[in-house]
Amino acid sequence: MIAAAVAIKVQFYDLDPMQVVWHGSYVRFLEQARCALLDAIGYNYVEMKESGYLWPVVELHVKYVRAIQFGQEISVEARLAEYENRLRITYRITDAASGAVLTKATTTQVAVDGATSEMLFESPAVLREKVRRLLP
Amino acid sequence: MIAAAVAIKVQFYDLDPMQVVWHGSYVRFLEQARCALLDAIGYNYVEMKESGYLWPVVELHVKYVRAIQFGQEISVEARLAEYENRLRITYRITDAASGAVLTKATTTQVAVDGATSEMLFESPAVLREKVRRLLP
Amino acid sequence: MIAAAVAIKVQFYDLDPMQVVWHGSYVRFLEQARCALLDAIGYNYVEMKESGYLWPVVELHVKYVRAIQFGQEISVEARLAEYENRLRITYRITDAASGAVLTKATTTQVAVDGATSEMLFESPAVLREKVRRLLP
Amino acid sequence: MIAAAVAIKVQFYDLDPMQVVWHGSYVRFLEQARCALLDAIGYNYVEMKESGYLWPVVELHVKYVRAIQFGQEISVEARLAEYENRLRITYRITDAASGAVLTKATTTQVAVDGATSEMLFESPAVLREKVRRLLP
């Protein structure tokens, strides 16, 4: 399993008037963990551009299990769930102290050829090779 | 069908380095349409608080169909899909000029008793009555 | 005087836990008015890029006079204060109903040559000509 | 001198279409450093509320010296510049590797009595005492 996690301390600007993290702020948390995972694979934003492909997010799914509070320390883990045809990443946000699950999420990205703007129905070799190097 | 729509002109701050709307910015678009729908029902954020219930978003699902550009004029429609046990709203973002579908989304909210912090498995009467007044 | 104004209805996502607009959300309000002003001049983001110049914001100053509430309707006016050597814009946010001043702000942008990345100490002719066409 | 610093790695969501950090994203960077400073003083958001005072930001000033890039590691230092009548904090963002100054900023907050909503022209004793405990 290829995975990466980031530690985040919830900030004032993450909150909404209900004194908990605004549901839209989670997209930043997920992106931070996704970038850590892509760094581990060696295929983050800069390498994507250099490889000639864009990887737009085509689907986002978030299940908010428990509210998150100001100053709370959370762990956001991203796992590579699928890479051969598209990039599917699953996330789990847990409380850093108790390990309690706070949020579950999934994002899906597809490769788009930077030159033709056409969507690919199979991941380009550059990603498949980078991932396979990390597999047992 | 109970629905409401808002017109939005895409701003510079909505964009990401790929020159299109960042996938996280859509959460603001959806919230703006949702609030217009809740205004139409007469049960927006202020009335929710007065009624003694909080309505946290417990699920978010977004399908990004087509990228959205700087300055593009879009319409975000929110439809009430379910209200008896939870508040389920579906969204459709279209290009204002062509009507082309750009995004589909769903949010789910549940009622939480403000006094006890307990989640309700049936929507409180205040919402059910407000919705029924609008039904044919 | 060259000026433009936009009407904004304050959204839930603009708020902070104190139930008023978060001080960072104002940057979006100002940018929306600035883009309306640049549209009026015919020199917004797209035309800037085509002209070969970038215009980074090098200074931001905001005076928060009165708190802004959920659902409040505000007007954000941007005025061109200086354009010959740099682009200096002043802003005034007022309550749409009463006209009461809520915020004052200033932004300063300088031209950067897109090819050499060098900062210009005089605005390029393209901006000066577009502005002069609008002056009496 | 009372100060605190936070280390931040610039994320994709911080960027704008010019491939550098959007000028509005800095408000989050400053707030994160300010909260670290207020934590050091023992008077952050939670303690402020408990003390019966709100501390709205009434002024923000940012000088953007150098653009900040994706993945760049930065240090954001917040220093207490004034506390007796209002809370004035100055900031300096530097590149973590080279120490080069990237941004300078100032925020000013004033105390507001939570019960009467009146602005105070002198900081309440609770803040003055907490600060004095840290002074030599």
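Order of writing sets the labels: A, B, C and D. Residues in every chain begin at 1.
Following the convention adopted for this analysis, a residue touches a chain if its C-beta (ideal position, glycine included) is under 8 Å from a C-beta of that chain, and two chains touch if they have at least 3 such contacts.
Note that the coordinates shown come from a computational prediction; the quantities given were computed from them, not determined experimentally.
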A-C or B-C - the one linked by more C-beta pairs in contact: B-C
Centre distance in Å when chain C and chain D are each reduced to the mean of their C-alpha atoms: 23
Centroid distance [mean C-alpha coordinates] between chain C and chain A, Å: 33
Rounded Å distance between chain B and chain C, as computed from the means of their C-alpha atoms: 29
Touching two or more other chains - residues of chain C: 12-13, 17, 24, 27-28, 31, 45, 70
Graph class of chain-chain contacts, one of line, ring, star, complete, other: complete
Interfacial residue positions of chain D with respect to chain B in the complex: 12-13, 15-17, 19, 22, 24, 70
Sites on chain C touched by chain D in the complex: 17-18, 20, 23-24, 27-28, 31, 45, 54, 56-64, 67
Parts of chain D lying in touch with chain A, wherever the complex brings them together: 11-13, 27-28, 31-32, 35, 44-46, 70-71
